[in-house]
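Think of it as A, B, C and D in the order they're written, each chain with its own count starting at 1.
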Amino acid sequence: MKDTESTISPARLEAFSDGVLAIIITIMVLEIHSPEGHSLSDWKQSISLLLAYLFSFIMIAIYWNNHHHLLRATKNITAIVMWANMALLFFLSLIPVTTAWVGANENYKHSWPIALYATVCLFAGLSFYALTLAILKADKTNIKIANLNKSYKGIVSPILYILAICLAFINPYVAIAIMLSTAALWFIPDKRLTN
Amino acid sequence: MKDTESTISPARLEAFSDGVLAIIITIMVLEIHSPEGHSLSDWKQSISLLLAYLFSFIMIAIYWNNHHHLLRATKNITAIVMWANMALLFFLSLIPVTTAWVGANENYKHSWPIALYATVCLFAGLSFYALTLAILKADKTNIKIANLNKSYKGIVSPILYILAICLAFINPYVAIAIMLSTAALWFIPDKRLTN
Amino acid sequence: MKDTESTISPARLEAFSDGVLAIIITIMVLEIHSPEGHSLSDWKQSISLLLAYLFSFIMIAIYWNNHHHLLRATKNITAIVMWANMALLFFLSLIPVTTAWVGANENYKHSWPIALYATVCLFAGLSFYALTLAILKADKTNIKIANLNKSYKGIVSPILYILAICLAFINPYVAIAIMLSTAALWFIPDKRLTN
Amino acid sequence: MKDTESTISPARLEAFSDGVLAIIITIMVLEIHSPEGHSLSDWKQSISLLLAYLFSFIMIAIYWNNHHHLLRATKNITAIVMWANMALLFFLSLIPVTTAWVGANENYKHSWPIALYATVCLFAGLSFYALTLAILKADKTNIKIANLNKSYKGIVSPILYILAICLAFINPYVAIAIMLSTAALWFIPDKRLTN
């Protein structure tokens, strides 16, 4: 009884994570500054940034959704689970600055901003996968998460991001296409968690 | 039983939305910089921005209030409801930067800032309407929301915003008057939800 | 039954207000920029700002504390209560920019920054008083808040702030002393609410 | 009964603190601006800042974790507990600006930024210790926290920080090593609270 009382409650970890995700998703927009002029054409140089912001907004929303379903299926929060979750939040907190760099890159023609963005996504994805494994280790009888672990997504995503990083140096647009596809994979949360 | 356990809880979606709205309403003020001088007259050029901030603050407060009543009447959160809600938050997250552009427009004499602001309001309004429809679709027996759907507001607001966008190019002040009237419509939440 | 179900819950209004207050108290620090140099003396010109930040932090903390006790004693949230609360949050959201202006005013020798800060405090104080009255009107049998209403604080504070505004033009330091005293009055929440 | 109803609930104090910590941990990243160029080497001058950000992120995460365990073991929130908690939040809110100063200090060769960072950590540590004592005083029969009080950590940390402040003027890297060690001490929350 004392044990359940004193570990971190999943609800609180989720509330803290929600707070951080809500802030990340909102402060990104602070990077979009209104232009000097008063005409619509003055926004032209901000289009790259606006599209990058839209993509990052959807990315964080997808993480929020999947994270929510993962933590709802969780009973025990160990120190390892807590730190895997913090690692996920850390890498997601780097999304705003990376988005700003991608957005400052007109027409996305430069390779490095795209590659760095994909790298941050890679580490966020790996942290999410580590979080899944840590939760499973803490609660071996959790069938929902055990089933999830057999899912291809957790392994396929990092591979796709590594591919995107490499291809960014050949053609940034191919790398962007891969990242859009990876996001699409996660758009609907895993049926094993939601059903 | 497993079903109710694993879908997104309305409470959590509301808490996340509240977090985002609280941040949006507060970071807007970061655009108001204190003037260089130490006299009251140094604020003169900030008056447009302060009034725009006041209006946006009331707008977000109205959305928070109506959103709160809508979600309290909601039982099921489907993936479509969740993404309609995210679309609403996305368009509202563009309010701070659009407010800054309107505020940089002294005496609101330029048309584009007003028209863009009205456009963001239009998409936010459409997202809210889509959210209402998505909630209704997920829970067809929900009489409260079904009644709300017959309400004129959800349809009248987008029409008024389209009118404001067009008129902004003839006379920005008429567009502003229309937007103030639209806000007034929503000032008190729908009686069908509150009673 | 439907009535209690559909009005805003005090818990949710408090959670939203807490979110806004947490953001206000934290973003203020964004105005404190680290100096160019690498020596302690480079902070000298930031001392006015640091002290102003400390005072505003305590101000917001006092509001959080008193607001918490007020809302805990509240049963019904009417539209008027909700908007009085929003007015309070609006005026408190102006604290960061006013603090920055006071802090840019070396040695607090200029009158206007101090007077404007006191004006924002005055309106925040009046909003808090209006909130108390609105809650009392919505729940006339609430003895705790009725007793509070007889309290001298809600009336004395605005008078002290008006005094501070006037005296700021004669001697800013006297105005500061009055504001410090007013804050001290509210440091411990009203015994009528806490006992 | 009236007593328990009207004091601050530990849950609410924790929720407010969580909000502030979530904002602090996230706004720090706003100080990391994307470089002008579009190549990876353009980040070279940001490495000091990125490492400082990583350390501060872990620091705040550790505080969140320990604070969570401390408040979960708490029953009564007195005015002194509330203000000790506010003092802790105040000093932690100075972490972002101090991190920015440390990060602007290439290769961490200057002493003052490191010493100031350690000073902020010292006061945060003392506030946490004061919070522990205040909670213990309010609830003398709380065995968990009484045991914690006998812990060496609460006393050792401030001593280590004082050491780091002094040694920063001889060799900043030694000071950094001491701060890393102090963080390591708190990485796993006190077993007396978690078991």
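Heads up, the rule we're going with is that contacts are C-beta pairs under 8 Å (C-beta built on N, C-alpha and C of every residue); 3 or more make two chains touch, one makes a residue touch a chain.
Keep in mind it's a predicted model, so treat the numbers as computed, not measured.
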{"item": "Touching chain A and also chain B, the following chains", "value": "none"}
{"item": "Farthest chain relative to chain D (centres taken as mean CA coordinates)", "value": "B"}
{"item": "Proportion of interface numbers common to chain A and chain D (over half same, under half different)", "value": "different"}
{"item": "Rotation, 0 to 180 degrees and nearest 5, that superposes chain B on copy chain C via CA atoms", "value": "90"}
{"item": "Centre distance in Å when chain A and chain D are each reduced to the mean of their C-alpha atoms", "value": "26"}
{"item": "Approximate Å spacing (C-alpha centroids) for the pair chain A, chain C", "value": "37"}
{"item": "Rounded Å distance between chain C and chain D, as computed from the means of their C-alpha atoms", "value": "26"}
{"item": "For chain D, residues contacting two or more additional chains", "value": "15, 19, 23, 27, 30"}
{"item": "Chain contact graph, described as a line, ring, star, complete graph or other shape", "value": "ring"}
{"item": "Chains that touch, pairwise", "value": "A-B, A-D, B-C, C-D"}
{"item": "Footprint of chain A on chain D - complex, ascending", "value": "14-15, 18-19, 21-23, 25-27, 29-30, 32-35, 38-40, 54, 57-58, 61, 64-65, 68-69, 72-73, 144, 188-189, 193-195"}
{"item": "Residue ranges of chain B in contact with chain A within the complex", "value": "2-3, 5-8, 12, 15-16, 19-20, 23-24, 27, 30, 79, 82-83, 86, 89-90, 93-94, 96-98, 100-101, 104-105, 110, 112-113, 115-116"}
